[in-house]
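Shared between the two complexes below is subunit A, which has subunit B as its partner in the first and subunit C in the second.
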Partner chain A sequence: MGRYLIGRFIKWVPSAVIVLFLVYALAFYGAGDPIKLIFLRAPGDVVWSPEQIEALREEAGLDRPFLIQFGDYFWHLLQGNLGNSIISNRPVIDIISAAAPISIQIGLAATAIMAIIGIPLGVLAGLYQNSWLDNVTVGFALFVWAIPVYVAGPLLLVLLVLVLKIMQVPYGWDGLFSTKAIIPVVVLALAPLALVIRQTRVAVIDVISEDYIRTAYAKGIPQYVVVYRHILRPVLTPVITTLGLIMITMINGAILVETVFGIPGLGYLTVNSIIEVDYPVILAITLIGTFLVMASNLLVDLVYPILDPRAAKAEVEEVG
Partner chain B sequence: MSSSPQAFNEVLPEGLEGHEPTSLWRDAFDRLKANKLAVFGFIIVVVLLLVAILGPFITPYDFLSQDLSQRNQSSSAAHLLGTDDLGRDVLSRVIYGARTATIVAFSVTAVSLLIGVSLGAIAGYSGGRVDSAIVWIIDLTMSIPILLLAVVINVSLKTPVTYWMDDMYLKTHNPIYRETIWVDFALVFGALALIMWPPYARLIRGQILSIRNENYVLAARALGFSNRRILFRHILPNGLGPVIVLASAGLGQAMILESAFSFLGIGVRPPIPSWGNMISDGLRVWRNYPHLLAAPAVVLGIITVAFSFLGDGLNDALNPKGWR
Partner chain C sequence: MERKNKIRIIALFALVTLLLSLAACAQPATEEPEIEQPSEEQAEPAEPSEEEEEVELRIAVGARFDDLSPLRGGGHSAFWLSMWWASPMYYDSDGQLHPYVFNEWEANDDFTVWTFKIDPKAVFSDGSPITAGDVKATWDLSAVPTTKHQRVGLFFTGVEGYDAVINSEAMQMSGIAAVDDNTIEVTLTAPDPVFYKRMATNLIPPVKASQAVGPDGKEVFEWWRPENGVVVSGPFMPVSMDLDKSEAVFVKNPNFWMGEPKIDKVTLIAVEDAQTAITLFQSGELDAMNEIFTPTLVEEMGEEFVSGPMIPRGHQFWLDGSKEPTNDINVRKALIMSVDPDMVFEAAFPNGPGQSVTQLLVAVEGVDPEYVWYVPDAGAAQDALAASSYENAENLPKLYFVGISQASHELAAQYIAEVWRQTLGIEEVEMKAAFDEYSGPDQDRVQIFRDDAGARFPDPVVYLMGTIHSSSGPAQRKMGGYNNPEVDRLLEEAATKGADDPDRIALAQQAHELFLEDYMFVPYYFQNMPRYAMPWVTNWSKNSDWQVVEPWNVVIEPH
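Now for the complex of A and B:
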């Protein structure tokens, strides 16, 4: 078991470093010189001499070779320093730690909705495969999986605010427990919800044909006990395996949902820094996003053997 | 996009037209026809393609022509979906949006299929280190939030490309370097194709590895059939199904991503209409003029749902051993 965990972690570290390297290289060779970007957007027609610019670049260490700069960035990153924003000159880490809690709250609330509604719906649809309940659930899942959040969000706005007139315009952020947060959270939960429903349903259909389930029924165990004790655990394993994909869906969704509803979280920050080409911030957010997905995948790898001990055994034997 | 057996015959080599369509495709077609949601999706997608192709002939107005005396009108006989803040006909813009979405979706899917199929085939055939390297790249790419990665690629490429274009214009004075519309398109294609190939590569690699050792392929080989015959008559028809399913899902996804890019302001920029930038514009004025938001949003919603239904139906039809 310990060997399995260590093996997984060792496999994971180089991937994380290489993603960091690639994104940094894209920023380095693509976005161009940050000093130049700063001058391009400096107000007024102040003309700076090339010597002055060169001096500034030297001071910031931007005249050094790419690899040294990357090493520098990496070293600072390990110490929790992500550089300064080009636009506001504030430390990127401050900007991000101001925005992150909001996104985390929305994300966790959406995750709760996803699990509380998605897993029972998926189990029911799977248990009564091809019934009307199953058809409606599968249709619903397909539907919400397909609808982009910047379609669902605006249409809900028009419906609830203009047509039904049951709510004020939910724009901005007053904390998670205000009415403004309801629509954004629900909209964000839709796509992951579809994912969980489908995954749970397929897993249930797989499991109910197992011999031990038939045995359990044959022994006269009531259905809810069979579901709770015998079906749910093997079903949760494949659902938890999709955590990485759920995380990707959530991050994509958050960028768009926060833009639609003007919520000052990480997604909103992303879009703003794209528009202003604030590279240090874009870089940091991409790293955080990638890190979150990789960490979810790592978490899945780590939790998997606990849920399904056969996997760990097989893996250790395979590794040798 | 057609799923009829006739269309599939075009994929098969010469000498097969005279035969009855293989029962695999006939079965698949029958299963698809039985799925009402998939038929609905199929019809919508066909309508979309027709609208996109016929665009200039069926739009009531030019998508750029402004009529400032007719601003922000709601639906009327002259303007079925009303007009926007510059007095442009919304219906015409939605139709041109279909063109934008379709061009992007097909180009991106074609390019990412090309990359994915080549890399997947290389990985599957060569095995060993090449295989592990490609698989590693696939896993890596798939573990990055795609919207973020595409955004980084798009923004990173935009600056050098713009500089290069300015440079070339100063050197050559060729007006083509003044045109930025195709650069927008190219950057969107590039960024999306670079993030969308891994699923295809993974699929093709898996297909090659699994089908190569299937009993019917081994039997065909034992009977002394040529490689070409085995490839086209045995491997291709059996391996094609999942690729079609994935590509149809990919078309829908590319369309969604294009509109997401345009919605965020980094994709296709106004005045070229895209449903994404129309939704983004509509969000600014939706309280007073909800039709400007609703028209592109509803159309985009219907299209994405149609692709989803069609993809699911194709999946059931072509993967009879699948999950349903």
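Now for the complex of A and C:
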């Protein structure tokens, strides 16, 4: 297993470097001058001169050729230094280490909700296909899927805070186990929840028509045992893959939820750093993003053998 | 049997859901926000007695902040600088000038040398006096490019040695001298009878030189954080700042010399989403905000929330005279004359606040209420387009808007585009919030820039110098290098006249009318200075420097 993990990490490094290079090039050539943007984005009577801009670019090292800038960044990265934000001058490691844990907590919590609610609902809908339970579940899934986050968030706020008056505005971040986290996590989980329900349902419908399931029922095995032992395992394999992908999206991309609920996570940081062309922050987020993709794939790979022993065999052959 | 299993599965699911709900709804171990104590050097803040309830002012900043330096000259958090920094002087909401850190000022006969006296009572929050050395160091530091002050040129252009500092050739302005501990002298390269008025701003507040200026003459990293023992000069002093969460807490400055603040605590939080901010206001969890724009703001928050005096500032759709097709005056004329300013304003702000635009100047002496710039006329607009080098709409290149960053701006721009379509037959129009949202080649084609322009104090010459003089930002960057030598000449002459000289106003009016004849902007709206505060916040007013006036007098009434 150790060799397997090291192998995965070694495979990740070159792809991370390539992604970093491409992102740096895109920001450098496509997004504009971050120093000029500090002034251009300010409204009204802002005043600046080309000399002022040039002095700031020189101070930030942005007056050097692209390859030298990237090489310098990469050299510092190898020493564990992610650099400083061009805009606020704060160390990027501080900025990221404050935002990433929040997004990871929210992403994991939303994924857990999706799994805990979505998989059982999908199984039930699949088992009782075309029944009222199936119709209600699928209808619910379609309904929540159809509501965008930027509508669900404010609507829930108005309903719970102003109409029902059962809570204060859940604004800001006091930790995952604070009441403030409930609505953001639920809102974040809503739309992908539909995906999980529908995928699970379809997989269950496929599996229950298999011969070995009919055999199991014919042998008089109770339904919950059949579901647990014979249906869930093959059903969960594709669902877990989907959950892994959704989790990455939620950790990296909960932009609207973070904006509406004032959560200082990675989503907001991503958008803001791109708008401000803050290279060091953009690159650090990219690095985390690629790492999360690798980690998520790794997690899924580790879960596969538990669900399907044939995958374990293939893994052993690959490592061997 | 099957029915029994079905019930078991449903029960299991229900149990899991219940457990999850209980876990999610569990009351968190709530912790009071940790308020860091001021450093030993600082005096203890005045704490309310146990019987008294702490009076807190909860303020929303419209964007997240991770930099609260008072020397950035802009950004959303700069709207609240008067809470914790004392300005040299200040204007009230009626445009009257008041002493603050400076209590006396005078000029020599030709207005080229200005002398300011520091109020002997003016001290920092640690009790140490604000000295002329602090003032000089602050102003020099503001001009150093690496400080990233966005508006330093508004205040120090014309001061001897300013150009050398802004061009990185020097670290100090030779024209600013600390004569003694209480006297600062400023030498200008040309007469400026209203230079003292420029100093009445919170964007260059004197800070403690020993904290803010490093040995290299540059700004010390995060010197303004309470963790670094910052001492301030305003009515409130910071006790905690969580820049990752964009939260800051301030308490009374016990050494503030203008009077004891009537609020115990000020909390700044960032709220970016307008609807969330409105929900926070309506649920009573927020007291004030720096700015918030939605087309339904008046309906949701009431007229008082957006009420406030008109300020010398207008938002316009500036036309770039260096780009096609707005480099043709007849095209500009057609684009402008087809639009009814009242309807543009109505589209964006059906219930106010503000006013529709009738000319460029507003809320300054010299505005002629009878002056008619143009009468909307579809026929005249069509004639102007026909007289242009493009002759008709089919020959016009696509029109690009920028600065369409809020719902109200979008409504106004869409209304204008629709009028152009119906009146002139213009079909191709695109709108974006910022330049960099366009592709590279399209960035160079943008002809219409929505932005505000005006003055930080009510003076028509300063207003026009900062808007239409060829050296101004709007003229250079929003109107594509607008340069009418006669306009420049009139304004330059007006700028040498004393503040009370009638010629100053007359010359400004001439320049103003000449500019309007060049048809350089589609009118949008004149801005007021809205309260953006709940009714229980009293003694609350803001000046045209966008600052709360006399924050030490602000009261939170029981509600």
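Following the convention adopted for this analysis, the second predicted complex is superposed on the first by the 207 of 320 C-alpha atoms of A that agree within 3 Å, B and C clash if a C-alpha of one lies under 4 Å from a C-alpha of the other, contacts with A are read in each partner's own complex, and residues count from 1 in each chain.
Everything that follows uses one rule, which is that a contact is a pair of C-beta atoms (placed from the backbone, for glycine too) under 8 Å apart; a residue touches a chain by one contact, two chains touch by 3 or more.
Values in this document were obtained by computation on a predicted structure and should not be read as measured data.
Of the two partner chains, subunit C is the only one that A:116 touches; subunit B does not reach it.
After overlaying the two complexes on the shared chain, residue contacts for A:259 are found with subunit B and with subunit C alike. Within the superposed three-chain model, A:270 lies in touch with subunit B and out of touch with subunit C [touch as defined at top]. In the superposition on chain A, A:210 contacts neither subunit B nor subunit C. Once the two complexes are laid over each other on the shared chain, residue contacts for A:72 go to neither subunit B nor subunit C. Between subunit B and subunit C, more residues of subunit A are touched by C.
Contacts of A:154 after superposition: both subunit B and subunit C are touched.
After overlaying the two complexes on the shared chain, residue contacts for A:26 are found with subunit B alone; subunit C is out of touch. In the superposition on chain A, A:222 makes contact with subunit C only, not with subunit B.
Shared-chain residue A:286: touches subunit B; no touch with subunit C. When the two complexes are laid over each other on chain A, subunit A has residues 30-32, 154, 157-158, 161-162, 169, 259-260, 275, 277 in contact with both subunit B and subunit C. Within the complex, the subunit B residues that touch subunit A are 37, 136, 139-140, 143-149, 151-153, 155-160, 163, 252, 256, 259-260, 263-266, 276, 279-280, 282-283, 286-287, 290, 293-294, 297-298, 300-301, 304-305, 307-309, 312, 323. Only residues 30-32, 37-49, 51-52, 55-56, 59, 85, 87-90, 94-95, 98-99, 113, 116-117, 120-121, 123-124, 127-128, 154, 157-158, 161-162, 168-169, 171-175, 177-179, 182, 185-186, 222-224, 227, 259-262, 264, 268, 272, 275, 277 of subunit A touch subunit C when the two sit together in their complex.
Residue ranges on subunit A touching subunit B, taken from their complex, read 15, 18-19, 23, 26-27, 29-32, 139, 142-143, 145-148, 150-152, 154-155, 157-158, 161-162, 169, 202, 205, 244, 247-248, 251-252, 255-256, 259-260, 270-271, 274-275, 277, 282-283, 285-286, 289-290, 292-294, 297. Residue ranges of subunit C in contact with subunit A, taken from their complex: 1-2, 5-6, 8-10, 12-13, 16-17, 20, 24-31, 64, 66-67, 73-75, 145-146, 148, 150-154, 157, 166-168, 221-222, 243-247, 269-273, 275-276, 279-280, 282-283, 285, 313, 434-436, 440, 451-456, 466, 473.
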